[in-house]
Each structure stands twice: as structure tokens, then as C-alpha cells.
Amino acid sequence: MSLPDTIGMWIAVFGTLACWSFLYKDNRVFHAVESLFIGTAAAYQMVYALDAVRTIAIDPLVLKGQIVYVIPLVLGFLYLARVHPKFSWPSRYPIALLIGVGFGLATRTVLQVNLLRQIASAVTIISSDPMGLFSTLVTVAGTLGGVAYFLFTYQPKGGQERIFRTVTRFGRIILMVAFGAMYGNTILGRASLLIGRLQFILWDFLHLR
Amino acid sequence: MSSQDWLTRISKLDARVVFTLIFILMIIPLVSPMGLPIPISKEVQSAFNFVESLPKGSIVYFGNEYNAPAWMELGPSYVAVLKHLKTRGLRFVFLTSFYGEALTATDGMIKVRAGVSTNPKLGVEELGLVYGKDFVDLGYLPGGESALAAFAANPKVVKTDRYGNAWDSIPLCQDIKTPKDFALCVQLDPGAHLPEYLRQFQETYGLPFITITYGVTKSAYIPYIISGQLKGMMAAIDSAAQYEQLIKKPAEASAGMDAVSTSHMLAAALMIIGNVAFFVEKQRGKGKH
Amino acid sequence: MLHCRHYACTDSRKMISEHSWSEQALDRNCCTIAQLLLTLSGPNDCPEKEATVLIIAGRVVQFVFLLVFSVAIVIGIWLGGRRKFALRRLPALEAIDEAVGRAAEMGRPIHYNPGWYTLDSVEAPQTVAALNILNELAHKAFKANVPIITTLIRPDVIPLVDDIYRNAATSEAKPEMYKPENIRYLSGEQFAYFGGVAKIFGVEHPSASILMGGYMAYSLLMVELGVRHECFQIAGTASWHQIPFFAALADYTLISEELFVAGAYLSQDPHLIGSIFGQDVTRYITLALGLMGIALSAVGSKLFFDFLKL
Amino acid sequence: MSAFMKRDVPLLIVTVVGVTVMAEYFFAIKQLADGVKTLTEWVSIIFGFTLALGAINMVIINSRYVIRRAKERWFDSLLIVVGVVAVTIAGFIPPFTRHWTLKWLYDYIYTPPAGTLYGMLTFYMISAAYRAVKARNLESAAFTLSAFFLVMKNAPIAVSAWRGFTDIGIWISDVPAAAGWRAFYIGAAIGTVALTMRTFLWRERGAITGGE
């Protein structure tokens, strides 16, 4: 292994231990490592993004004379003009463009992905054996109850109130089952990353194998 | 000590005590493995069976998408599959088109860079692979799905391999004319790129697929298994361990599985204890009023 | 002529997967750059026949639903101007007053984070919803002389937060509360960002931490940090993979849609409340659609699924 | 400058751009497709500048702490500034991002803390499970039970003791949990459409114009 890689690896070990120390107590070493991490990460992302700006916009503008790229570059500089309080409002133009694109992208597929397909899968009858029918029932009732839970303006009157409360409570319980399942499942993925770290320290550095 | 004290202590246990318990319970099995049994799941078994069924000399295409910090989720399965391919006498090709990092399995430094090892050597290297004959690394073809489409239409669009060798000078590449020359695509998937791969290679060329993905993605991909589009799936460390068991070459994932068991049992035990303590305290509270 | 291999006629479309982000990947298909008018001849034989229909095959139903839902919201906004709608209580949003009150009492700031996603991403609405909440929060907090420290993982929202601070300070006649240094970008890498927030918590001891918007793995670290510093925590997200941690650990939680209505709820603007009624109308439509689907698939008809594929 | 230029034009841009991007998805019109392609390219250019603004914000705030010698703070702030400046210089020296120092920084300064903190989530998940996952009422009982069975399903030792943990775990995630997620997604979809409409109609604009 080359010298930079060797040095780097020792830094990596040190970084790992410094991060773990946070589990015990908030401490200076952890914050020092994290601060360096913050600075490098921010600059690293910026440098790559600006390099992309160079290849996407500046090169075609300068080398090929594609004038249209002046517009996004100006919009980009309006963002930076924000640093001076007097020029703060023009940055709303590029922001408006970003939000427009974001909302457009979000809304155009959201019904298909999050609503229509979910309904289609909710009403699929799994199988006709008793367990399958029971599962289908739970699926259908759970989905409908969960959807009803989100009702904001419905005001039940008289006898409806109890039914409505039962249905939405059931919906809430179903949501909690989903959250619990995700919680339980996530431990596995996180644990495997921790195991990787531990193997690194135990096997490669301490040779405990 | 009265039971009252005992309960209060249990329910107000310092998080650091729990952290220490986790450390101890995960370190012990890594240092002295217990070798607890690892049950094999259907998706992994069927992936293994499919690789077993491929004729000798077939070429396997690796959609090599992944990022270094997540090595432990994808890497062990990846290495296990590579080992299996080699012992079965299959050849393989790597290509990346979504993740510019273009780290490859045969580049042992990936493990070092992922921070999980100081040893820049992977298990596969011991198998004595010959570059250009057993495998070839075509590097990074940028462009995501459109790059995949271009590669599917004409594999020679990748003019050189990762190290700059011309396509025509590589013996293995001579056997690749169309995607139909591949017997299988093993796709590494840290970011839901499977649909793009399926669209470009399966719908047009009917290429069989196995995916190696994150634990959290698993349930999202189960429907692909049911529909038969995926021949198998490995997700997170447990699948990797199962594959290692199937090829009878236990490695890092198998060694880690004891720690998975202990950490999960600890989590379950703590949940039970916490709830019992909570209930007993609640009953006592009721008794008082 | 370019032949577009549309998704509607492939196997993968028939499969229904659970998770939205993978679905979003599924939805990006080659037809977005279609250079031809596509056919509406049904899902089974779509690629080759051509007819002059403007809407891309497989997206007709989606389009109709989007239109119907939008109209329902617009009618809701209109109705809101003429009728008063009562809203179900959202304790998480009422807890915002409690958070401000506590902070004022203790003389400590409030910490706010508007989530992970950039303004141009498909999850942008979550970020904008979070900023709408921040706008209402800023007015309440500045009125009570409580500073808000907004930590950011995405720099593109810096100007928006700055505007919110400035306008809230001006309209509450508390110009001294406008402090640009309380807007802190701490890099776009979630674990570096977390380190920066941990430092801020350690030095400035916020009394409450409000986390809204879309989240990634750092959500758990953030709520645990709040627990460690005994903060009063309100958290809300529509990110399925992080909501479990908020639901388990925060004092109050906004789940999914509740995040999107929060701005309207807090503003008490009758038109916006009306639009929430519009949302409920779309929910009735959704429930009716579901019941129809069940009825049809119970009698063994595939009609419902074929309809959705249009 | 008038309120028109400061407030109305940006709001108009949001609506027009948003509707265009939506229309492009539904209609097969070449001009629309080209327009949206251009827009997304512009967005990726602007995005680079937003990161620059972020870095500037970071340097300004932290250099103030350093200059003031702020208690408990100035040293960390100095490290942040040093990090930003060092990487920026490395990134602007040809061959720019292909310089080996950037790769090295990525491999050894950037990746290890990220990986470690990712793994550290295990500690927090388990300790939080102990502290907070309690059956206080029916809802939290549902959460607790379902988390418990999924944990058992993922533990090989538990599964080899009783195969039933696998079946229960799979049933929970495929049936009730799947139903819960569907309701969650449907809510998110409705909320997104509603927020979009409120924004496009300029009704809810706290975020975009700071409530002006």
C-alpha cells in the first residue's frame, strides 16, 4: 500500500474511534473530527458541482458560443448575490425556478405511484384459502381505515361518532404496525454496517482472530 | 435491595450501559465465533441454484453500481457470488453506469476505502483469476439508463476497458456481440436502479437477473421475485452469509451473523424487559391510588 | 420513426411494489422524450399501432385523477371563503405554542431543521411544507423574543429562511430578532451535518427541537440528540423510511399528509382551511375508488385493473 | 423595486414552470419535452451555485467565531474554515476534480466518519427500543409487537429455534404493515397535490416570499 493510503488508513481508524467516543460523552475530539468533516464535505460537494457547471455550461458557452447558457449562469449568480443584503430579492428568481421544477416533478407522478397503484394492490385478492381471505380482509380494512384516519374536516354526529372513532383508531393502529415493522427491520441493515466497522478494528488492527 | 429499587434502576438504565452491552455482545462473537446455524431463505437458495445451472464458460454481466460506505450491505454478497462464479468456471464482466466512483470488486482497495479492512486483498484474488480471460472490467460508462441502452444496443460502445486496453485486444470481449451472449446479469443496487436495468436488458433481450441490494429495499423487490423477473436476491448481511454457506466458503458475512443474532436478541430482550418493568410499575401505580 | 417502448405494456408495470421511491424510478421511462403520438389501443398491444391521441398511453387515468383532485382543491379554496370548516385537532401543531412558551420561559432558542430534500427534487413539497411551518413558527417565536436556529443540510433554502426571518422580524416589530447568523448550513453530508448540530446543541442548548420535512438516516441521530439534551421535540415527515423513529421518539409527530396541511392549519386562513376540505373530498373519491375495486375484484372482474392501466 | 417584481414574478415563475413540467409528463409534445430538458439542465447549473452559497455562508459564520475567539467554538470553526479552503483550492487546481488529493480526501476524511456514524445508528436504535418502545396504549402496543416480531425474524438464532418467527414476520410486513404504508402513501399523495395547488394558486406562499 502506498504511503498516502497508509496514512489515510490511520486517519480512518482515528476517525472511527473519535466518532464512537460520542456514544460515551460529547467531547472535543469528536467535534474536531466532525468539524473537519463538515468543512471538507461542504467544499467537496461544491467543487464537484461547480466542475459540473464548467462542463455543462461554461465550456459550451466559451468554446462553442452557445449564448443560451448565459441565462442559467446569471440566475446562479443571482443566488450568490444574496450574500449582500441589498441584492437579496433577485435570488427569488432562481429559487422560483427550482421550486417550479420540484413541484412539477413531484406532482406529476405522485398520484400514480402513491395512490392509484397502492389502491390496485390493496384490492388484489391474495388467495381464496381461509388465511388468504383473512389477509385480504386485513389489507382492505387496514388501507381504508388508514386512509380514513387522515380525514381532517369530517364531523361525525350522534351514532356515527363511535363508528368513526373506531375506524380511525384502527387506521392509526395499522399505521403503527407499519412503523414498528420498519423499526424492527432497520436494525438489521444498521447492524451489518456496525459489524463491518468492528471487523475492521478487531481483525485488521488488533488481530483478534 | 427491594424490588422497588430494582425496578426503578431497570427502567432508568443509562443509555451508556446499553451501548456497552451492545459492544460486548457484538465483539464476543466476532472474536470467538459461535457458529450458530444460518437458515437459508428462498431468494438466496434460488439465486444459488440458478448460478449452479449455468453451463461452464458462460459470461455473467455485473451491473456494478454501489458506493463505498455501504460495503457491508452489498460487498459480502458480491464477493460470495464472484467466488461461486469462479468455482463454477464462469466468466464475468463489470460495468458501471450510474455511480461515477466505478469501484470494482477486484480492486481490493475498495474494502480499505470502505473502511472495513486494512488488507487490500479480497477473497477472490486467491482464486487466481486471469484478467482478460476470466473477467474484464469495463469501467464507467456515464449516463445512467441511456448508457445501459447504448451498451445493450452495441456492447462495443465501451471502446476500452478500465485500464485503457482496446476492446478488440481483450479475449473475453470477443465473445460478447449482443446482450444475449450474457447468461445472467448480477446487478448491485444501492439506489433502486433495478427497474432501469430490467427495462434495458430483460424486456428486450430476456436476460435473467439476480440483484444484490440493501436490507430496506428487500420488500420492495419481492414482487419481482414472485413474477419471476428476478432469479434471486441478496439483501444485507444475512443473505450474504446464506450464500457463503451455500458455496461452503464462510467468510466475513458468516462471521458477522453471530453478531447479528446477539444484537437482535439483545434488542428483543431489552424490549421485553422495558415493557415488563413498565407494566409492573403501572400496576403498582394503580395499586396506590 | 422512433418506436417508443412504453411501460404500460411490459411486465414490470403489472407488478405493484410497496415503495414509492423505487416506483418513481420505475416511472421515468423513455416516453418522456417521445417524438410521436402514441396509441391508446389498450395495454396489451400498445407498441405498434398508432393513433392521434395526445395523452401518452398509460397516463390517461393519472391525468384525469390529477385534474379531478386539483379541481376539488380549487373548489375547496373557493368554498372556504363562504363557509367555515371545523378542523380535527392536530396536537403536534398546537404543541408549537408550548415549545415557544417553554423557550421564552427558559430564555433559550428553538432549533429547526427543514429536512433533507432540495427544492428541485421530487420531494420538494416536503421541504416547502416545512418552510411554511417555519414561517408561522418565526412569527410566534419572534413575538415572544425567542430566537430560532435553523440548521440546514441543503444550501438552496438559505435565501428562503432568510426572507422568512426578515419578514417575521419586521411584521412583529422586532428588528433585533433578525439574525442571519442563525441560519447555518452544515454541509450536505448527513453525518457531518449531524456533528455540526451536536456542537450547536452543546453550546447553545436549545429548549426545543422541531424537525420537519423529508428525512434520511440522520433522523434517528437528530431525535436522539434532542433526547440527550432534554429538548421538547416536534417532528414530522412524509418519508416512509424515517417516520418510525419520529413516531417512537419525538414528543409529538406529524404523519405524512399532516405535514402538508400544517402551514394551512397554522395560518387559520379560511381559504386554506377550505382547501383542506378539498383534500377530504379527494379522500372520499379515493375511498370510493377502493370500494369499487374491491367489489369488482370480489366478483372476479379484471375491469378495475384494466381501467387503472389506461 | 415594486412588489410586482419582488413577489409576483417569482410566484408566476413557480406556477408556469411547475405546470410545464407536469404537462410534459402527460402530453407527447416535442417542444414541451425539449423545454423541460432545458429547464432541468438549468436547474443543475443553478444547483452548483447554491452549494457555493452554502460554503460562503459557512465560511462567513465560522470565521466570525474564529475572529471573536468565541468560547468553546473558535477551534472547531477554524477546522471547518480550513477544511473548506483546503478542498476548494485542491478542487480548483487543474486537473480539477481528477486531482488525486480529492480522491484521497474522499476515501479517508469523508468516508470513514460517514460509515462509522451510519453504523452507530445501531446503538441508538437498540437503546431507543429499550427506552421508548413501550406498550403505553393500543397504538404503541401495535408498534412494539410488530417491531419485536421483525427483530426476531431477522435473528438467525431465533428463527432456528422456531421457524414460526419467519412466518409471523413476513405476514406482518406483507399484510398489516403493507396496508399501513399504503394509507401513508395515499395521504402523502393527497397532501402533495393539495400543497402544489395552494402554491400554484399563490394561496400558500410563506415559504417562497417569506410570507410577504
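Order as written gives the chain letters A, B, C and D; numbering starts at 1 within each chain.
Heads up, the rule we're going with is that a residue touches a chain if its C-beta (ideal position, glycine included) is under 8 Å from a C-beta of that chain, and two chains touch if they have at least 3 such contacts.
A quick note: this is a predicted structure, and the numbers were derived from the prediction, not measured.
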Quiz item: For this structure, which two chains have more C-beta pairs in contact than any other pair?
Solution: A-D
Quiz item: If every chain is reduced to the average of its C-alpha atoms, which one ends up farthest from chain C?
Solution: B
Self-check item: Distance from chain C to chain A - Cα centre to Cα centre, in angstrom
Solution: 12
Self-check item: Between chain D and chain B, distance of the C-alpha-averaged centres to the nearest whole Å
Solution: 24
Quiz item: So how far apart, in whole Å, are chain A and chain B when each is placed at the average of its C-alpha atoms?
Solution: 21
Exercise. Could you give the separation in Å between the centres of chain A and chain D, each centre being the mean of its C-alpha atoms?
Key: 4
Quiz item: By residue number and range, which residues of chain D touch two or more other chains?
Solution: 22, 24-26, 43, 47, 50-51, 53-55, 58, 76, 107-108, 110-118, 120-123, 125-126, 129, 131, 133, 143-144, 147-148, 151, 154, 173-174, 178, 181, 184-188, 190, 192-193, 196, 199, 208-209
Exercise. List, in ascending order, every residue of chain A touching at least 2 other chains.
Key: 9, 12, 16, 22-23, 31, 33-35, 37-39, 41-42, 45, 79, 82, 92, 95, 98-99, 101, 103, 105-109, 111, 113-115, 118-119, 121-122, 140, 143, 147, 150, 175-176, 179-180, 182-183, 185-188, 191, 193-197
Exercise. Mind pulling the residue numbers of chain B that touch at least two other chains?
Key: 19, 69-71, 114-116, 216, 219, 238, 260, 263-264, 267
Quiz item: In the complex of these two chains, what residues of chain D are touching chain B?
Solution: 107-108, 111-112, 114-116, 118, 122-123, 125-127, 129-131, 133-136, 144, 147-148, 151-152, 154-160, 163, 166, 173-174
Quiz prompt | Residues on chain D engaged by chain A in the complex (per definition of touch) | solution = 1, 5-6, 9-11, 13-22, 24-26, 38-56, 58, 60, 75-77, 79-88, 90-92, 96-97, 100, 102, 104-123, 125-126, 129, 133, 138-140, 142-151, 153-154, 171-190, 192-193, 196, 199-200, 208-209
Quiz item: Which chain A residues qualify as touching chain C in the complex?
Solution: 22, 26, 30-31, 33-35, 37-39, 41-42, 45, 79, 82, 88, 91-92, 95, 98-99, 101-103, 105-109, 111-125, 140, 143-144, 147-148, 150-155, 175-176, 179-180, 182-183, 186
Quiz prompt | Contact footprint of chain C on chain D as seen in their complex | solution = 22, 24-30, 33, 36-37, 43, 47, 50-51, 53-55, 57-58, 61, 64, 72-73, 76, 110, 113-114, 117-118, 120-121, 124-125, 128, 131-133, 143, 178, 181, 184-188, 190-199, 201, 203-204, 206-212
Quiz item: Hey, which residues of chain B end up touching chain A in the complex?
Solution: 16, 19, 26-27, 30-31, 69-73, 109, 112, 114-120, 214-216, 219, 236-238, 252, 255-256, 259-260, 263-264, 267
